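Consider the two complexes below, in which chain A is the common component and chain B and chain C are the respective partners.
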Partner chain A sequence: MVRRLPEYLTIWVPLLLSAAHLVSFSLWTIWISFTPSTLVPVSGWVGLRNYTSVLASRNWQVAFDNLLLFGSAFVLLSLVTGLILAILLDQRIRGENVLRSIFLYPLAVSFVVTGTVWSWLLNPGIGIQKLVHDFGWTSFRFDWLIDRDMAIWTIVIAAIWQSSGFAMALFLAGLRSVDADLIKAAQIDGAGPVRMYRRVILPTLWPITITVIVIQLQFAISTFDLVRALTNGGPGIATQLPALVVYDLMFQRNLLGRGAAAAVLMLLILLSVLLPYAAWQYLQRRRAPHA
Partner chain B sequence: MLIYLVVSLIAAAWLVPLIVVVLNSLRSNEEIVQTSMIGWPRQWAFGNYLTAWSDFCVAQTCVGIRPYMLNSALVTIPATIFSTLLGAVAGYAVSLWRFRGDSWIYGIVTLGIFLPQQMRLLPWTIVLRDTGLMNTLTGLVLIHTIQGLSFTVLFCRNYYVAIPQELIRAARIDGAGFFRIFWRIILPLSPPILVVTVIWQFTHIWNEFLYGVTFTTGQQQPVTAALIALSAAVADIPHHGVQSAAVMIAALPTLLIYLIGGKYFVRGLTAGAVK
Partner chain C sequence: MPMITRRRLLAGSAATLALPAFAHAQGATKPRLTAISQWSAGSDGAAITALGKKFEERGGVWQHSPVPGFTTEMMNKLRAQIMAGDPPACSQLKGPEIAAWSKIAPTVSLDELVAAAGYEKVVAPDLAKLHKPGGKWIALPLQIYSTNMLFLSKRAMDKAKADKIPVTWADFNDLAEKMKAGGVAYPIANGGTRPDDGQKFEASLAGISPAAYRAAIMNLDKKALEGPEVKAAFVQVRKIADWMDPNVGARHFSTNLKRFVDGDMGMMIMGGWAQGVLRNAGFKFEDFMIAPGPSDNGKPVFLLNADAFIFWQRKEPDLQAGQALMAQLVMDPAIQTMYSQITGSIPVRTDVDLSGEGWSDGQRRTAAALKDAIASNQAVLSVAHNMAQENGLTAALIDVITEYVKNKTIKPEQAVTRLAEAVESAR
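This part shows the complex of A and B:
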């Protein structure tokens, strides 16, 4: 027993530290969300009061509406972009590796960097609008960054640019693994390329599509850095998102209880995506035990 | 031919932000103010990089982004090494050594991939405060090592399950123990997955922002947090040329890693998705 102590320690210490921090941190944050904590954590019980005040706040409502819009627009558009890119690259074109690297490089860079760069490009005073004006088309307007109604779309643009490559990579792997016999059979039946994609190839991609949707949604729900660098939630609170609300409550307004409640709400939004996905995966596995 | 045209146009659009920053980092501030952020340098202002590196002012301290780059390196390199090594040993333990409760603990650890950072912000604040690690690089190393385990254990475990159990059993019969088997059998088989894990961890820790900005201030901040402080500081009098140079410097380490090990980076990216 003593002789094997180093072994037990090496196996258990990292795993236990990791598992224990996940469980205890989550439970602790959930507990704080039911306490009247403000500047420092205090015990006490206020029931759902933190939750009701977060849910009633203008900040959270705007953030939640933005998340719905941003989440669905970003996921849908990056899915379509990624699929188109994958199909284009699947045509045995020359320079595929270079092209694939180009579509994927944004993922290697931090959101702080890409958000900053997009904030310059989309800034009407120095970016694309200014460039077009200098060319002589002075009535051209592209000022979404400072437009309350359109500002959230600047986040969508930057997010699509940053992570469509990820959807492309997964779709491309899927396209490459379509059963060759299936394609051959369709060719013998005289299916043209469009029909081939619509009827034979694309239907095999739907499990990958669901995976891509879930991962992109997970990204959308926790988006923080990108908005912080691109709009910082503005103009006003027009591009507020849940992760920014949490940070604002916890560290700028020092309302720990409410901040924790907002964090738990984020977790619940995430679970509403992940739990159905986990259930679906479980059913898939049970239906195909050998896969 | 049409397909080449379409694909090149999209690729060009994807490169625009990179090209714009590179060109701007080489243009003087007057030139950018007169025209726009998008343009060819009339005079090459290589001095921007020197200014950004060592002279520029972030939050009243005029030392450029050099100290913040150093901070990022001092957090990223140890945290990458620790989380990868610990992840490899733990991945080996849960996949091949097997012990009571292994699948339970493995399941909980990998849940960490999904748990939002926001759920851990307050507890980490308490832990760092009580251990005296608030506003230190050591604190960030600790956070990234422990949190990184969720990814590194998953990567390594999924790689090691493909190694036949018989290999381990035979070695045990020969009297080899836990560490000996790891050192002699597992580690020599590991380079492919270790490269994926190291690249993944390095990129993620280097690019991380939320913990950096929450748990460090001033001179202790990693470069991502310093970049945001820099944009806020220059909001009144923009220095876009120097700022672009700073952005390029901050992005360079992960861009270089991507250029050199892109294949492994993508493998890490998709490894989480197809588990």
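This part shows the complex of A and C:
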């Protein structure tokens, strides 16, 4: 016991500290969300008033709709892009290391930088549209950034650029760990490459797929800096997302109570993703010994 | 340095504990001022540094900690310091936020100093009210900008073959059409930020009817909010929006300055600070003209934006002495002259003579407009720059306006309803 004390200390102290940190501040935020706090936290009880006012605000409604659209489009598309990149890289090609680094590299760039660069590329007056116009195709239009119906897709584009490399890396690892015997057996049975991927290899990837989905979803829910740099919620409030609403309420409108309520709503959205995942993992583990 | 100061503070505080009013304490200790503001760079930084120098010349210890970035970041620092029980002796804060923040920590009453300086007579009445919530002066305005100045590009005027400065909105719309016909790509130069969009609306409404602006935006009167003037303002805003470059996204207005001067863009409705930005960017006074924003009754309408300092209660006698000295400096016409000449604003005092050297025509015209506007009760508080309402309500109003500017499928009547609803739910 005493000999293992250093090990216990290294594991438990940081774990307990961070857990206490997380839990205590979450509880504090939940408490604040029921108080009439504005500029500074105050005690008092207003029941669900902060929640009803956040839920009734246009900003939140737009943000929530955007989150549904952005979350599903981003997760699905980055999954597909990552998978395609991984399969292509899996063909034992030359220069794989270089390509892999290139695809992974965006992940090392901060979201603020990604957002700023894409805001230039996508700006019709100076970016891609201008370039194509200068080449002579003057009727070409690519002005999503300033089109309030399409602006949310510019965030999808930038987010996919940033993180499909991450999905690719996980998928590639999965592809490489497929049992060689399985592949051999399929080859002997005369399966072509397409059939092999569809029937043999991809089915073994689904635990990784779920992991990628969950990680990307929690990223999507908490997206802040990317939007802030790319569109800042605009045009108008067309690309508002929940994290922006929280920041705006707390630190720009000085409405701590409402901001806290919006933050708690975000936590609930996050839990709606994480709890099923945890339950699924739990079931997997319970089923495993019997399998 | 801070060590010595703190020791002196301890020694001094025992002796002067019995003297509550800082006016008495001033003689006993060397005045010291801890101050926070967002002004760190450019002309703002230069101006507050110059003010600090004056403070030191009068024998004070100047301890200014700038918090660069948005005003909200400065506010976060202020909030943290107040909650820790250690507010700065003085901090930047403006508009109705002065009243809101004065509820969370004790402030200093400046009534005696203001009375001694005879200051109240020379300040615009609406502005004075903001700095004395509850009837006591606790904050002092430092400089004034008008948010609805009209900037005209000389080259765009040439293209339109026009030389008359528009007075009413009808004149303005005429000129914009002429510019468009004369080959000016976008008659309105505009950024895409929230205050930018807000300024277009406040300039429209106040220009159409200052009385309606006062009732609807400053007093949030429900009938006025749903009144015909607000609808007319939204109609005018749509016209302005149609003349803007749609590619502007969320960019800052200053990115358009070159195109504005080149005559590719024609007019700009911007705060007086744009003059400083234009000059700093290397453009000449011959490149543009400045006039008060359009006003349908012909008399200038002035949308007030004023920076100010609020004074937080401290027990230390040297800080109290510093606050008294700072208050005297801020009210001093010579100091206001120095400050405004650096930043391009105009002095808060309406009795400062701007005919001398160091003032630009734009500043003179702005100061004259303020005087006329006060005389005809047409000096009102800017909502786009957080002078008319607290931040929460301002943001709710600007939400509606900025969406309306960007989304041309929203009809003016819908915008009117949404504006009234936004007020209702933000209250």
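Worth a mention:
In the analysis below, the second predicted complex is superposed on the first by the 271 of 291 C-alpha atoms of A that agree within 3 Å, B and C clash if a C-alpha of one lies under 4 Å from a C-alpha of the other, contacts with A are read in each partner's own complex, and residues count from 1 in each chain.
Keep in mind that, in the parts below, contacts are C-beta pairs under 8 Å (C-beta built on N, C-alpha and C of every residue); 3 or more make two chains touch, one makes a residue touch a chain.
Here the structure is a predicted model, which is why all the values come from computation and not from measurement.
Touch criterion met: A:L99 reaches chain B, while chain C stays clear of it. Put simply, more of the residues of chain A are touched by B, taking chain B and chain C as the two choices.
Within the superposed three-chain model, A:V117 lies in touch with chain B and out of touch with chain C [touch as defined at top]. By the touch criterion defined above, A:L9 lies against neither chain B nor chain C after alignment on the C-alpha atoms of chain A. Looking at the shared chain after the overlay, A:Q252 reaches chain C, while chain B stays out of its contact range.
Judged by the touch definition given at the top, the superposed model places A:V80 against neither chain B nor chain C.
Of the two partner chains placed by superposition, only chain C is touched by A:L39; chain B is not. Of the two partner chains placed around the shared chain by superposition, chain C is the only one that A:N59 touches, whereas chain B remains out of contact. Applying the stated contact rule after C-alpha superposition, one finds that A:P235 touches chain C and leaves chain B untouched. 119, 123, 251 are the residues of chain A that lie in the contact sets of both chain B and chain C, per the superposition on chain A.
Chain contact summary for the complex, chain C toward chain A: residues 72, 75-76, 79, 82-83, 97, 100-101, 103-104, 192, 245-250, 390-392, 395-396, 399, 402-407, 418, 422, 425. Note for the complex: chain A touches chain C at residues 38-40, 53, 56-59, 119, 123-125, 143, 145-146, 148, 231-232, 234-238, 248, 251-255.
Against chain B, in their complex, chain A makes its touches with residues 4, 6-7, 10-11, 14-19, 21-26, 28-29, 32, 41, 85, 88-89, 91, 93, 99, 101-114, 116-121, 123, 126-128, 130-131, 134, 161, 166, 169-170, 173, 211-212, 215, 218, 221-222, 224-225, 228-229, 243, 246-247, 250-251, 256, 259-260, 262-264, 266-267, 270, 274.
Contact residues of chain B toward chain A in the complex are 3-4, 6-7, 10-11, 14-18, 20-21, 24, 32, 35-39, 86-87, 89-90, 93-94, 97, 99, 105-106, 108-109, 111-112, 114-124, 126, 146-147, 149-150, 153, 177-179, 203, 206-210, 214, 224, 227-228, 231, 238, 240, 243, 247, 250-251, 254-255, 257-259, 262, 265-266, 269-270, 272-274.
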